[in-house]
Every structure is written in C-alpha cells, then in structure tokens.
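Next up is a structure, given as structure tokens.
When the chains are written out, they are named A, B, C, D, E and F in that same order, and each has its own residue count from 1.
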Amino acid sequence: MSLTPFKVPIVPELRKSTILSLLAKGLRTSERDLVTPRIVKVKTGVIERAEGSAQVELGNTKVLVGVKTDVGAPFRDTPDEGVITVNAELVPLASPLFEPGPPDENAIELARVIDRSIRETNAVDRKSLAIIPGSKVWVIHVDIYVLDHDGNLFDASMLATMAALMNTMLPDYEELETGEIILDRSKKTTPLKINKKVLTVNIAKIGDYLVVDPDLDEETVADTRIVVAYDEEGNIVGIQKSGPGAMSREEVLKAVDIGREAVKIYFKSLEEATGRAE
Amino acid sequence: MGKAVGVKLIDEYGRRHDGRLPDQMRPVRMRINVLENADGSALVEYGRTRILAAVYGPREPVQKFMALPDRALLRVRYHMAPFSTEERKSPAPSRREIELSKVIREAFEDIILVKYFPRTAIDIFLEVLQADGGTRTAAVTAASLALANAGIPMKALVAGVAVGKIEGQLVLDVDEIEDGSGEADMPVAYAPDIEKITLFQLNGVLTREELEKGLDMALSAIRELVELEKRTLKEEYVSTEEV
Amino acid sequence: MSLTPFKVPIVPELRKSTILSLLAKGLRTSERDLVTPRIVKVKTGVIERAEGSAQVELGNTKVLVGVKTDVGAPFRDTPDEGVITVNAELVPLASPLFEPGPPDENAIELARVIDRSIRETNAVDRKSLAIIPGSKVWVIHVDIYVLDHDGNLFDASMLATMAALMNTMLPDYEELETGEIILDRSKKTTPLKINKKVLTVNIAKIGDYLVVDPDLDEETVADTRIVVAYDEEGNIVGIQKSGPGAMSREEVLKAVDIGREAVKIYFKSLEEATGRAE
Amino acid sequence: MGKAVGVKLIDEYGRRHDGRLPDQMRPVRMRINVLENADGSALVEYGRTRILAAVYGPREPVQKFMALPDRALLRVRYHMAPFSTEERKSPAPSRREIELSKVIREAFEDIILVKYFPRTAIDIFLEVLQADGGTRTAAVTAASLALANAGIPMKALVAGVAVGKIEGQLVLDVDEIEDGSGEADMPVAYAPDIEKITLFQLNGVLTREELEKGLDMALSAIRELVELEKRTLKEEYVSTEEV
Amino acid sequence: MSLTPFKVPIVPELRKSTILSLLAKGLRTSERDLVTPRIVKVKTGVIERAEGSAQVELGNTKVLVGVKTDVGAPFRDTPDEGVITVNAELVPLASPLFEPGPPDENAIELARVIDRSIRETNAVDRKSLAIIPGSKVWVIHVDIYVLDHDGNLFDASMLATMAALMNTMLPDYEELETGEIILDRSKKTTPLKINKKVLTVNIAKIGDYLVVDPDLDEETVADTRIVVAYDEEGNIVGIQKSGPGAMSREEVLKAVDIGREAVKIYFKSLEEATGRAE
Amino acid sequence: MGKAVGVKLIDEYGRRHDGRLPDQMRPVRMRINVLENADGSALVEYGRTRILAAVYGPREPVQKFMALPDRALLRVRYHMAPFSTEERKSPAPSRREIELSKVIREAFEDIILVKYFPRTAIDIFLEVLQADGGTRTAAVTAASLALANAGIPMKALVAGVAVGKIEGQLVLDVDEIEDGSGEADMPVAYAPDIEKITLFQLNGVLTREELEKGLDMALSAIRELVELEKRTLKEEYVSTEEV
C-alpha cells in the first residue's frame, strides 16, 4: 500500500518562485549550474571492524555504508553464486521527516534501485563468491545508513555503496572436514572482486528545467525526478522515475544525456577515494 | 524465475517463443464493471497476465489525520494473489510489491485531478490474479480503466507496457520466460493525449540508442492500448483476439 | 483479542422492518423464498497457471480460490500424510468494509471453518499425498480470495474451495538420488484424490425467521447465523455459530434440517461445474 | 496432540479412560474474587483444565474512536499461557486463539446488557493456565462468573461444555486424550434461564440424531454448571469433588 | 524506542504527602517498617502439566512462573551447554495498566534482569543440560506470568522463577539411532540441577527514604528504584537501576546493604516452599 | 561474543591486552555539531566504540495524544547499525536495544528540565556505528553532548563508563574482548556536578567491597569525561590522544 505523503514539509510558494527564477538564469540556490552536482566527498574504510565501508557527503547529505559478510546457502537457481543483499535505513537522526520503524517505501525503493544496478551489471562478481558450489557461498550484506538528509539520497547511497564494495575484504576462513566454514574475521585478505563500477545520477524536473543532484528544497518543489545508473562506458544500466509527476519523451532522453556527463564527476570522486582507477 | 538455459528465444525468422514478432503485443483483453461493490473496476489481460483493478472514492479517508486540505489522498495497493505465481507467494506484502505500489501511485498523482476532491481519499486496489510478465504495466492499464469507470476525472487515460531486450534484440511486452532470460526490462506508462510518461523504469543494460528505440516502441504500443481503453469504456469489453 | 466491530454499516431501521415484513410473507428482497440460496455459478480452471482453481458467484458475492502445491516435510505426528493449508484474504477491492492488512478475525474464522470441514472428513486423501513417507509430502495451499462481498462468504468460499480441489492436478516430479524432489509444473497429470465432497449452508436468524444464504443486508440485520457443513450423505460434518446473538435449541435443530435440504442445490451446482458426479 | 494409537478409550463396562461414565463431567471447581485489580475475576477448573478470567469495566475504551454511541464495546481475549500446553506455546496469538476470542465474544454480545453502558468498554481477559481439553467452554464459564463478580448486568448466566464422540459413542466433557482420538468435538455454551445457545461449534462428523442427542447432553450438563455458578457467586468457592 | 510513559496513573499530591509523612515516622501504609517486604507466599508445583512451576504472592502482587523443556540445538559458542530463555508477559488481566500485545519495555526489562541474574551466576547448571554435546541440548523455557500487579514485579518474579526452576523435573527421553531425541513427558524423573540460588530485592527511593519491596502506590511516587540480586553468600550478582530519577553514591551503597538483609526473608520463604534448604 | 579461551587478559605487569592499566580509559574522542538537520548532535568514541547522537526538540510530538500537560515527553532510541558488530545485526530492534533505550531514557528523565517544555517532545537518537564494548555508556555521553549542543537545559552534564572485573581484578572501560571473558560488567552514568547516579547496572558477580571500589573508579573517570564534555562544548572537538 502506498499513500500520498501527508506529512511532507510545505514549501512556501515564495521559495518555489525563487528557485524557478534562479533557474531561468541558469543558477541555483546552492550557487552552481544546473548540470553540476554538489561538492562530493568520499571516504572509505570508515568502519574499521566492518569488512568494507564508505562515507559519502554530497553537499549536506551524508550517507554511511557498511558491508558485512557471512557464509550461507546459495539461491536454488544460482547454486554457484554468492548472495548480495542491499538494505537501506532512513534512521531518524538523519531528518525530522524520518521516524523509527521498519523501512518504508522510500527506503525500500532506494535499496532496490541500488540493488538492481549492481545485480543487473554483475558489478560484484557473484561467481567468485562460491565457497563450496551448491552449498556454501558468501553472503554480502550492504547496509545503507542515511545520516543527514538534504536531498538526493540515491546518488549519495549509490556512490557510498560502490566505494564500500570496492573497499571490502573477505575474511579468511577454514573449511572443516564436516564441510562447516569457520570465519576468522580478524584476518581479511581477499578483496571482493568487482567486475564493473556503476553510479547513478538523479535529475529533477522543476518547471521546464532539468537539474542534476537536487537538494532537499529542490526535491520538494520538483515536478518529478529520474534516476539513471551508468557504467563507466556510458551504458545505461538502470532507470527509476521516482516521485509523482510526469515527463515528456524528450525530457527523459535529455535527462539521460545530462546524467551521462554528470556521472563522470562522481566516477572521478570514486576513483580518488578508492585509488582503484582502471 | 530461473533463467532458461540453452533455449533460443528468437528464432531464425525473428519469431519469439510464442510466435510473436518483436514489436507485437500478446493478445489483450479489457473489461470494465466487473465488480459490484467497487465504484469502478476493470479486468485487464496481456496474454496470461491478468489484473483485476477496483477503485473506491472519492470517499472519507480511513484515518482522518491523513486527509489533505487541498487535494485527494491517493492510496494504491499492487498485490499478488498467492496463486498467481509459479511457486505460492505469501500474501504478506513483499518489498517488490511495496516498491511497485509506490511507482504506480506516482504514475497517477499527476493524472487524476486530485485538486477537485480535497479532504477525500481515492483508493486503487490492484490484484494480480495471474502473473506472466508485465504485471505492473498491465496494472497501470487496469487502474486507468477502473478510474474512468468510477468516474474519477483525469487529465488523460494512461496505459503501460514493458519493452525487453532478449538475445540482443528489443522486444515488446515481454512475458515471464523472456523476462527471466532477458538482458533488460523497461516498463513504461504513458498518457498519449497529453504526451506524458508517468512511470519509467529500466532493469538491465541498454545503450543510449536502444533506450530511445525501446522507448518509442513502448509509446507506440501504448497509443494503441489507450485506444483500446477508450473502446472498452464504450463497449465494456474488448479483445484484440476478436478484432 | 476480539472487539465488537465498531465500523459496521448501520442499517436503517426502515431497512430492517422492510426485510422483516417481507419475511412474514415468506419473501425476501432478492425475490426468493426463505430456504433457497441465490443463483449460484461455479466455474473451474479459471487460473490456468494454478494447480487448481474455481470461481463462485453466489448472487453478487464472488469468490476465487486458487490451489498451489509444493513439496515439504510432513507434520511429526502424521509422517505419511500430506499437508493442507487454508488461507483466506478479504482483499480490499471486494468491499468498502475491507482494509489492507493481515487476515483479521473474520478472515481467520472463514479459513478455519472451511479447513476443519475438509480436514475432519478427510475430504482430500492425505495419505495419497505422501511422496517419501516421513520426509517428503505434498503441501496443498488453498487460497481463498474474496473479490466481491455481498454476504455469505462461507458458502461461496466452501463451494469454490471444493470445486478448486476437485480441479487440482498435481505436477509431475522427479526424485533425485539425493532424495530431492524436482517439480515440473508444466506437466500436471495426477488429479488430487478427493475422498468426500463437503459443502456448507449458512443460515441467518432474523427475528423469528431462519433464512438460507443471507445477503449482506440480511447478514447485517441478522440476530445471528449458523453455518453447517454436510457431506453428500447428509451427515453433519461441521458447525459454526458465527456472529453475536443466540439461538434456541429448536432453532439450531431446525436450521440443521433446512440446511440439509438447501445443500443439495449447492451440490448440484458443484457437480455441473466439475462434471464429477458420483 | 497426536492421536493415541491402539488405546481403548471406553472399556467393556462403558467406562472412559479416567473412569468416568459417558455423561459424566470431570470434577469441577469454581472460585470468584481471585484477583485484586480486576473488577471481577474467576478461576474455573474442569479436571486439569484451568482457566483464569478477569473482567474490567465498564470503563473508558483505550482508544476513544472505538467507543460506540449506543452500547458498550466488548473486548475478549482468549489466551494460552506458554506453559499451559504439552509443548511450550508461543505467547503470540495463534490463529486458533484469534478465532476462539471471536466466538467467545459473540457468546456474550447478546447476554451482557450492553445498552446500559454506551461509550464504554467491557474487557474480558481469559487465560488458559493449564490446557487439558475443553478450554473454550471452561473459559465461557469463567467469563460468566467474572462478569457476575464484576457486577455487570446480564440477561442470564452462561456456561459451556463440549460433547465428543469417541469410538462411536457420545461422551460429555472430553479431555485432551479423548479429543485427540475422537471422531467429533462439539463445544456448546448455553444460558439455561433464557434457553439460549450462545456458542456452538462442531468439529467432526455426526448424524442428525447424534447431533440432537449430543446437544441435549450438553444442555443438561450446562444447567448443572450454571447452578454451580450460582452457588459460587454466593459462597465464593465450589467444588464438585467436595459435594 | 523508549518513551516517557504517558498513561501512568496520576497519584494525587495528597497521597504522596501521606506516604512521605508516614515514612518520616518509619511507617508505611501497609503497616510495616521500611526494610521489611510484604508477606510472601510461595507455592510450587501449581501447574501439574508443566515441568516446573511456582506461584508467588508478595502482598497483593501475584506472579505465576511455568517452566517448559524442549530439546534443541546449543548456541554455537557454547556447544556443550543447554539453553535457558526467560520471557515475561504482563497479561492484561493483571492490571488496568496492561494492554494486550507483545512484551513492552517493562516486560522485556523484567525478563532480562532475571535472565542475567540466573545466567551470570550459572544458577542452573547449563553443562548438565547437554544431551549430545554439540548437537542436542535441553532448552529450558521460563515463562513469567504476572497475574496481579501491586508493585515490585521484580522480586515476586525472581522468587517465582527460582522456585519454579527448583521445582523442575526433566522428562525422560529416548535417543533413537538417528540421533533424534523422543521425549516422554509423562515421566519426569530428573531434577534440574541448580548450582546457586539467586534472589533480588527491589528498593525504592522516596524522598530521602529507601524502602524495601515498594507496593504500587509507593512505586508510583518513588523518585527511582534499584533492584539488587544476591546469592546466599551475600554476593551481589546483579543490579538494575530502574525507573526515572537518580540516586547518590551513598544511597546506592546503602540500598545494597539494606537489600542484603532483606533478601534473607525471601530466601527463607523459598526454602520453606521448596524444602531444599542447603 | 564468545569467551576467549586461555588468553591472559592482564599480564604480569598489570597491563591489559591493549596495554592499558586497570584504571585507564581507552582514547576518548568527542565532537559536536556533526549533523546538519538535528538540533544537536555529537560523535563520541571510546577506543573503537563509536556512537553518533542526534537530538531533535523540543518539538511537537508525532502523535498528539502522547503530549504531557506538565512536561516534555522524552523519546530515546538506542540502535545498532547492522555493520557495527562482528556478525551483521538485524536492524529490527532487539530485546537488548529495547531495554537499553529504556535505561538510557531514564538516565535523562531527571536531568533534562522537562517542566520547561510542556506538551512537547524531545527526541534522542543514538546510533552505534561501531561496537567494541561500552556502547551504552558512550551513548549516554554522546546524548549529554548532543542535548547540550541542542541547547536543551539540563541540571548537569552526564557521562558514562563501565567498570569490569577480569581475572579477579577491577578494570575501567572494558572493551569487547574483556567483556566477553569478564566476571562482571558494571555500566554507570553519573552527573558529577549534582552528584547523581542516573544509570546503574551490574551484570556479573561482585563482593560488597568490589562494588564500592568499582563504583568509585567509575565516578572518578566520569568526572574527567564530563570535563572533556565541557571542553568539547567550547572547542567542538576534543581527543585524549592529542592531549
């Protein structure tokens, strides 16, 4: 069941007209142009005890991602592949809009969009995660933790997820004669095998304008948003129109093109943080 | 849902596993007024995919604190019957159903004239009776019909269809077998009369060119689907098999 | 926890007195006599991909039942018998009285009354559902889906359940050397073995009258209801007084006798639909 | 709960496994005023089956929107203690407990003079402390006593008992062993002073004749149980063993 | 999430000043001195079908504890030890303050404080509960059932738990060749091995006074409470400050000393009831 | 969480496994103003234990019926991030988290001047980002800082620390390894300026003398921690490693 949100902040008409009149001049309240994201900071290894982690700041939005690994059973239809789960928590310390409780539709959508981008591109090499094919595989838990919400949780979470996965080291393990696997989490020596890097660009439609990386005010006044995932070759590897409202055919295609340029900025930040430029 | 191994999904003549051409829809059936209690209802079939839609409202919201002062509250539930899938589906809402309820609600937020009905709720209940691919897009089509059948004023009718990519080729209206082995699945909902895309997702990998071509395949099919909706609203029942 | 329903439609006194004054003449608003059910339509095989299915219309009440099968472990105390589960969903499209959410007490009562009627009579041959006695048995899931609620969900659901079970074909399977069972749902060749047919008759007490198959208006004004299950031999195979209110000893016995006649009409509809008259 | 195999439940002299005759109840004990906080309370035992009942009210409903303008709201919870059963029962309410809460509530809706207390709630909490068959009927008896003990006006006192069919014979007040192997179990609640059956279920197979005979066995026993209730309300404690 | 209780009974100021002025004279409303608990009654074996049980009355507070046993798997890090779980239900019949539903923070705190007192002292010999070390162990379920709440659920529950554990007899069992364990609950011949007896004393701070075993009125007006667990040697084996409010260092130490005397009264009641004085 | 076997946790020179003396804390870092949206926030580290605290309020309670006429409602959530522990922790609140939320809330009920803000709510959200022992006491310290940072008036600042007993010896600020093998763990929160103990638990066995000695170790350390809090409130960031 999905309901029209009835507890959203009401943005004064004045605010909206300020945003629009700035956009008409090619400007934004955050003093950047329409196609440039806010300042991005990516830091990996921020949770030493996790197998992988990263914190991303995108303007005032702050997202922490931790990766934990475990040994479990594979899915029946992919017996020789590891399992990856993505979960997002919009914890209440991040925003007056968030309340404690199980993930709501926004948290679930966020996690699923990121999950699909990784899964469909085989970004993490799932075959390399089989320990005993058919019975024991690595289970990779990606937990997205939003710490400060100032809009565009998609791009910040995707970037933090990708950085955390690239930062992940699998623990050493011992295989007992019984087939049981005993982990030694104090030793983590095997990097998670990454096949592909994937990032998203969230583009908001405000009036007739398309703007990259909307902040919370912009998201609130936006007509709608489209989130596009790209790989480094510029392929489109996932899309989600998110939010009420509609776009024309031309706007969709234009957004895809704008995003393809903007994602390069994110990829640069990712490379700088992970030192794994390829 | 497992990927079929070694099965050719497009033959040497360009025919799909069920004989369709790449840009061909499955047989479509639409019917309205299928339920007594609902204010509007519709049954929509794309091949074996079968969706039942009911609309209630505008009516008082179940909980008064939800009422919005300047518009109607929309509630959408996309739900799969336990017997609709290959293996029984638990009737508790899955994460997938929660996401799809959201994107379908958002596909109608800007279509229904919600400003006409402040402080009320409009409920759209969508039940997947049988799932064979394309359930969310058929659900959008069913919702559009049920809304019209309920007399809810809308800017335009909406319909949906998914375009897939299988064996390197773009195909319209993928079914479950094709979806399971496909490289991409792109569900689109569109209101042709106002030229608005109201739902858009891509699950998989496409080039920029494929995206544009696939989108146009979808929009073209949706134009025909909305024509069928219009006929259905006049004639109560329409089937492309009987045409 | 069970609460007096506080959101029921209030039937105007006028409506109630209309119903009562008609009953005094042996008539009902739906133009039938007191002991005859509404028009029944039974259709089987309506969900092609399910292992069994049926749709029943009883006047304006419409119920769909689907049967799915799976392989699972038997109960510990019946290691050589299959498992049958019955679940009912009062989905919100069926009535303005239904809200989304887990089954409430009405849905649970409905499912359990039907479940008991089947179970106690061994209507489905559970012994025939053992695949490897003690470890692998068929699990038969009966899901009752109410699509339109105009009263008497009991009889409509029982009829649809019975018809769907008679319509059920078990999938072919292969037993691996490991003991694992692999289903091939594309081939369904073994009909579910039915030992006995069981149907219910719901009888409402309105004032001093007993009426068969009450519609929603009648249920709302009824003092109470009694649901009686019968087999084809006329044995009583289950009873549930449902709803507030009470009955006298004589009313109970009279209801049981009235129901025994009325059930024949349902059995006839069942036979016509399933073509399995015995 | 498993069916005892090969055990004779009625011997050649017509005696049951615990020595009772077919139409004989287990020893019954009733006590009121067993709790301090509740407005009314009762402890009822049928053999080893032991039910504790508490009544609160009429009082303000926990949530105001539940209040009914013309009558009291009834809330009934039938609940089993985790240690009441052979294997530990999870304290979360099972589907069985939800159904039994409903049928027990309905057994009192027409007995309590709810019209006297509009906008209030009357709560009946029933805890199965030990389960050995017949818990729902003993719970009705305990609820009737606790209501009277709380001074809630009722049309009449109610009591319950189950009649079973084992080895082809009708027997009164089945215990767990008999229920597990029985062919039928028929719980009945009845208010003799107004001749009303307020709870009635049958789980199993009976002929028309057995039904009538079994019902009369139950009603006859209930008349005695209600007499015991009346004595208990005067004397606070009654036991059929001491009679 | 924990909230300031917003549905607590408001104790009239008058009541509080009555309590305080009595305390100034070394008296309490229940006609006892500050360091003496209410009258204690302990009765064991009250639920014949349970493996162990006890009912405790502490003034008007009444708590029933039942112990059920089962066979299950040990925890991974203690493969040769049995498992003990403690659960508390504040069932709504016990107090107008209790509502039906899953255990709230008060019930959870109660269960966990008792659980820790038992666990940390190895009060129940967990090693003796291994059946097949590494795979099959006894699981001991302690269920605390509050029947009447007039304050100090801690001491009453702890006493009932200890008495019920001392009353517990493990069922006989048979080990099949498959390694499966079949219980015969009709025969219970092995007493649960108790290493240590542990009881708590709940001390409320009301103004400047410390009072043992507060009743509900006293708990309601108390500034805070401290619950101290002791073994028979007078060691401190657990503490929980419970309730809002604070204490000074001196008050804490004084409470611990007061409790150490008061607990002897509880131990005496326990011994009398269980006949297992050691 | 398993007990380390055969590992000496205190060496012959009285040094602990990480080189600390018995009465020595791990390196402590405190920072305020770490979040933008919260009215007050703090990050506190005791060694590898890392807690993020946010305070919202005084603000309108989420649900109006919760509002208290004479004081602010306090809401506290102690919550562990799934990646904070050795094995992934489910984000659903555990019984342990529910209990700790309660005792931490109670540690502030008498510290915050709740009477100043009737009908409002003050929310304290505590996220354990990394858990290495002592999370509840570090959480109290973080909450105290975040409350001060939010400008919520308090009687005094509060801080917390746990004292443990390992190999017969009392040690300050136990980490996870020590806790896992320890004989006792005693978390304490204290407001030195008003000499009030606001949180106090003991998990394990102590003699009367050990209790007093351990308590004094904790109080002494907390006095220093509160001094650090005061410096942090002036300087925004403080670390004992840099001192």
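Just so it is clear, contacts are C-beta pairs under 8 Å (C-beta built on N, C-alpha and C of every residue); 3 or more make two chains touch, one makes a residue touch a chain.
Please read these numbers as outputs of a predicted model, since none were measured by experiment.
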Separate pieces, if any, that appear once chain C is removed in thought: one piece
Smallest number of contact steps required from chain A to reach chain C: 2
Repeated interface matching A-F, over half of the contact pairs identical, chosen among C-D, E-F or D-E: D-E
Pair exhibiting more inter-chain C-beta contacts, D-E or E-F: E-F
Chain centre separation (chain B, chain C; CA means) in Å: 31
Where chain A and chain D are represented by their mean Cα positions, the distance between them in whole Å: 57
Gap in Å, rounded to a whole number, between the CA centres of chain B and chain A: 27
Whole-Å separation of chain centres (CA-atom averages), chain A against chain E: 48
Sequence positions of chain D contacting 2 or more other chains: 77
Touching two or more other chains - residue numbers and ranges from chain C: 1, 100
Chain contact graph, described as a line, ring, star, complete graph or other shape: ring
Ring of chains, enumerated from chain C in the sense that reaches chain D first: C, D, E, F, A, B
Of chain D, residues touching chain E in the complex: 35-38, 41, 48, 50, 52-54, 56, 59, 62, 77, 79, 81-88, 91-92, 123, 125, 127, 129-132
Contacting residues of chain D [partner chain C, same complex]: 1-3, 65-68, 71-77, 93, 95-96, 98-99, 101-106, 109-111, 114, 184, 186, 191, 194-208, 211-212, 215-216, 219
Of all residues in chain C, those that touch chain B in their complex: 47-50, 53, 60, 62, 64, 66-68, 70, 87, 89, 91-96, 99-100, 102, 141, 143, 145, 147-150, 185
Residues of chain C touching chain D in the complex: 1-4, 6, 76-77, 105-106, 108-109, 111-112, 116, 120-121, 223-224, 226, 231, 234-249, 252-253, 256-257, 260
